[in-house]
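Quick one: the structure is below, questions incoming.
Per-chain residue numbering starts at 1, and chain names A, B, C and D are given in the order in which the chains are listed.
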Amino acid sequence: MSVVPVSYYLVLSAILFGLGVVAFVFKRNIITILMAIELMLNAVNLAFVAFARAWAQLDGLVFVFFVIVVAAAEAAVGLAIVIRIYQNRQTLNIERVNLLKF
Amino acid sequence: MPILEHLWIILALPLAGAALNGLLGKNWSKTIVNSIGIGSVSLAFLSVLEAIREFSLLPAGQLSFFKNYFNWMSAGSFKVDFALQMDHLTIVMLLVVTFVSLLVHIYSTGYMAHEEGYYRFFAYLNLFVFFMLTLVLAANIVLMFVGWEGVGLCSYLLIGFWFLKQSAINAGKKAFLTTRIGDFGFTVGILLLFWTFSSVDFGTVFAKVANMPAESATQAGVLTWICLLLFAGAIGKSAQLPLYVWLPDAMEGPTPVSALIHAATMVTAGVYMVARMQALFSRAPIAMFVVAAVGAITAFYAATIGLVQTDIKKVLAYSTVSQLGYMFLGCGVGAYAAGIFHLMTHAFFKGLLFLAAGSVIHAMGGEQDMRNMGGLRKQIPVTYWTMFIATLAIAGIPGFAGFFSKDEILDAAGSGPNAHIALWLLGLAGAGLTSFYMFRLIFLTFFGRPRFDERKVHVHESPRSMTVPLMILALLSVVGGWFAAPHLLGKTDYFEAFLHPVFATYGVPAGIEQGTSLAGAAGEAGGISSSPAMELFHALTGPPVVLAIIGLLVAWWFYIRKPDAPKKLAERAHGLYKLLLDKYYVDEIYAALIIRPFLWISTNVLWHMVDERVIDGTVNGVARVAREVGGQAREIQSGNARSYATWVVIGAVGFTVLMLGVWGMVR
Amino acid sequence: MEFVTQHAVLVVSLVKIVILLFLTLTTLAYLTWFERKVVAHIQSRWGPYYVGAHGLLQPLADGLKFLFKEDVTPPGADKFLYIFAPFLALSLALTTIALIPFGPATITILGQPTQLIVADVNIGLMFVFAITSIGVYGVALAGWSSNSKYPLLGGLRSSAQMISYEVALTLSVVGVVLLAGTLNFNEMVSDQVGYYRYFPFIPRWHLFPQIIGFLCYFTSAIAETNRVPFDLPEAETELVAGFHTEYSSFKFAMFFMAEYANMLTVSFLATILFLGGWLSPFPESWTFLQYLPAVVLLGLGVYLAYDAVMGATGIGRIQLIVITCGALVLGVLCLLPAVIPIIQGPFWFLLKVGGLLFFYVWTRGTLPRFRYDQLMSLGWKLLLPVSLANLVGTALWIIFPLFVKHG
Amino acid sequence: MTLPFILFFVLALTAIGGALLLILAREPIHSALSLILVMMSLAGLYLMLGAEFVAAVQIIVYAGAIMVLFVFVIMLLNAGVEERTEYSKIAKYVGIPLGLLLLLDLAHGMAHSLMGRAPANGAGSANVMVSTRDLSLQLFQKYLFPFEATSILILIAILGALVLAKRDE
């Protein structure tokens, strides 16, 4: 029963990360932008797990936990901020939230 | 308690006093301020005595005591320690400084009783004592320079003590700036010293100098330059030609200050410095001659100005200048001991004169012009008698302190190793003039008919706190010179012997046997076979004494016998009189030659051109450029987060391309 | 045929899945009957009565009714999600059951030894939680997609409630995990074998050391399954019917089944974690107990026969007779020596599960509904701290045991 | 084409499709669901990599908690269809192409990276599952301090979220 080489997983994680970046730039809805960030984090997690597997080291998996924790914190705070923004400006379009400029 | 091990205590005491009074004294009663001020200084005096006792117990071979407390600064080979040292010279200075300061402190409690900023005054005084002691005890020239500048600062603060009086402020500034000119030379001298000996430590430097040959009297070597530069500092600090101009104005300060700082101690710092550095000076004949010449000329010159001054303190100020000239003359001709000796005696009688003058002013309710005095003899007897004794002392009447010291100096000037006839004559003339203007002062002040409205001015003797110091100083002005009595009999006087080790240690062979050589010289000068009796006779009837007597008589003739004679003389020799009265227009000349051009350059070149155009121009230009660039760059900050995200992506791509492509990492 | 022999693994699993699915769905159907009956008797009513004897055909009737009802989709609803939500809910609810072991015995089908479990995962517990945690979406999406006020509110409530109670639920179980030192269900059960040394009559079920954990677990389980008294998401009096207001016909039935499936799941879980799974509470020495399943079934058959003869009429009688025959056949089967060891586990397991389900229904019949803030404060301010304390206490107990673990 | 490869490609394509859907969907909730899809398939990939505990955590925390939070907020704010404003030209003409370039660059780099040549499951070992015990030991011994630090981070995040979302009366 042959196994899938790590590079496959890595390429997949790279693709997902790139798509996350594109989403990050492309989306206008603040919530979906946060989702894009989550997507990137997930891609990184995949790379971590793949590396951990490749070297038969558990550290990678541990790091995945940390990434997840950070993602959770980021989501909580980020969404709270989103709610605040919506309360103040009645919009979720990030291009309409542009008061902080020159 | 081993004070000697902890010399710093002597410094710490007045500093603590200054700190306490200066920082906290504002709301304290005069009593507390007094006890702190006087207490700290008297404690310092006592610890000095104790230190001297312990010093005397040192093994015979040890001529000086040195202690290094901590490394102050060290940059590469340039290393300065906070180190103090004590030897016979230091002892003399310590005694003079602490004792006179103590007396002046006591005196001030009476004199300043009704002044604003009482605590401030005492804080400054204590601070001054601290710096002066630092100057004296310092074991390296940099630390000495600290004290040097410190006393300058205190002098500035105290001259401008009445900072509401414009003239006082100006006088303070003048003193500070003028001495600064000299101090510049002093600083360069220090640098040159270090550059030459790669050390600023007295011991090290002198040890290195000791095995250097004396330089020739024809062309100047490095020692000469060092000495001349250092002496420039001395000129500034000790008010010699051409930088003496600040001292007369310094009389704007309170009289105790004039007594302590501008007569007894600070102004003599230059002399002390020259004596301290004598190892270098005595190997630099040219420098020696310059010192002597400057001293002699100043002595005569200042005396001439003193002749016609009418402000009692101004007279004393010029006489101080001239006496300092004598001290330098003494050092310049190699009679360091004599110079220091005169320094000490001068500290006594000139301090006394100032304090007494202060007492007079006090009695006259602030009046300083002698023409509005007269006949005070009866009202303020203590002041009169003490001042009279001091006058006799300064005039060099035999038996009084001034006689011995001045006589030695003139002796050395006339017949010492580096003697020169011109110096001798100048000194002699100065001596005569001194006795004249001093007795003029006495006669104008205390004799004759009162020239002031007795109903307005209610003359009263000063309080005990002022008169007691006067009496003590009067006593010292009499006996202070008797160490030197044997000298009259052609023997080495005790003072010489006491200081001998200091000057002998590093001195040039020629300089050593000063006392005897002076005695011998005196004998030759007298041109008579030297037997003690003849020596005595000669000394008592020597030219100085004769001139002093003449001066006395002339003064008596002018101001007692024919009080209107001076006016006639002034009218007859009007030009000369005016010249003297206006102090040879030196201030004006300086103003014209130096100050105005300086101001002009500063204003038009430095300020309007360099500062405004170049510097401000640069700064503003930079600011303008920044503003323009920012104005363009701020467009980037559109407030649209997607654009920011794009910038992030750009950065990420750049980095990744670098990492994967260029650096070939991961690969 | 050789295909079958080749891929025995797949085939066997498929077979097991089919059987389990059939059993589960039937159980779900009859759970509704059971609930209605019990609640009715609690409220001294008869409950379902007319359709078949004892209303035993009621679920069938309900199912038919749902099938033939009109399937309404509200205008402006998100079509895909609106249809997707119930499927998600039900499929997730059923998936968890695949992870539940029903007994220790291993049967050999087609020369392929298998256990009474579909998927034996190392960390079964985690996966159960994983799947239940996704169950939220069913409700939430249903509420959102049907583009209507009440469902939206219901969806919001239920998602908030489920997230909140999931925390307490998970934490209350961690104590057991600590004691058992494993996340695998089989190992967990086998960890509870035996009796306490000092109390030889008490089986070493985790229920006793973890009584607090059990209470927390069960409470939050009720909340997790949106049951009374925590049925805020479908509070009839407040939100009409909560998240499935707009749902009708079979989609509604799916939600319904999903709810009962969740009930089943949490009961299974509770049984495995706290009640010693398939273990019998009585000592091994009582060998006569192995006939208990047969006795029960035969007794049931006899009773039904009597009832069929005396009580029922018409179609009910036929039906009763059929059931009687089934029960008797099963009872006889249970007497076969080959079947006895296999049947022991499932018997006790289902007995305990049945007890828990009865408890469920009992609470529903007794307790009033909470207010929303009460619900939240209960979850966050009581259950969470208590289960945390329980966790810490358990950890301490493991580090400093008062008396030795294996009695 | 053996079973693992098939499985891998199915999951990978699901993930990529989910990601694309996340980008293209105009309804935020669709984006959220597609992201959940991605996470699910990633969990499957973790299982294939033998990290089952991570897979479970991935589902519980990401899909079960974080994304629920997202969905919750979407429902709370009733976020409608996303309006595709184009105020930021640079994002349109530079950002997105560059993002794709980054994708290709990274993929290329990863494909040729040294890691790529390593076998998928440890040093030649069979396709074993990582035992949860080892993982927890690793986490609570070697990485104890980061663990505590992250706990503090979570605490702060909770407080921050509370303070932020709290309505100011």
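Worth pointing out:
Throughout what follows, contacts are C-beta pairs under 8 Å (C-beta built on N, C-alpha and C of every residue); 3 or more make two chains touch, one makes a residue touch a chain.
Please read all numbers here as calculations on a predicted model, not as lab measurements.
The chains in contact with chain A and with chain C alike are D.
Nearest to the global CA centroid, when each chain is reduced to the mean of its CA atoms, is chain A.
For this structure, the chains sharing the highest number of C-beta contacts are A-D.
In whole angstrom, the spacing between the mean C-alpha positions of chain A and chain B is 79.
Our note on geometry: chain A versus chain D, Cα centroid distance of 6 Å, whole angstroms.
Work out the mean CA point of chain B and of chain D, and you get 84 Å between them. Look at where the CA atoms of chain B average out and do the same for chain C: the two points lie 106 Å apart.
Contact of a single residue of chain C with at least two other chains is seen at no position. Contact of a single residue of chain A with at least two other chains is seen at positions 21, 24-25, 28, 95, 98. Counting partner chains per residue, chain D shows two or more touched chains at residues 53, 57, 65, 69, 74, 76, 87-88, 91, 95, 99, 102, 106, 109, 113, 115.
Applying the touch criterion to all chain pairs gives A-B, A-D, B-D, C-D. For chain D in complex with chain B, the residues that touch the partner chain are 87-88, 90-91, 94-95, 98-99, 101-102, 105-106, 108-109, 112-115. In the complex of the two chains, the chain B residues touching chain D come out as 638, 640, 642-643, 645-646, 649-650, 652-653, 656-657, 659-660, 666-667. Contact residues on chain B toward chain A in their complex (touch as defined above): 634-635, 637-642, 645-646, 649, 652. Taken together, the chain A residues at the contact with chain D in this complex read 1-29, 31-32, 34-36, 38-39, 42, 45-47, 49-56, 58-59, 61-62, 64-66, 68-77, 79-84, 86-87, 92-93, 95-96, 98.
On chain D, the positions that touch chain C within their shared complex are 27, 29, 33, 36, 43, 52-53, 56-57, 59-60, 63-65, 68-69, 71-72, 74-76, 78, 129, 131-132.
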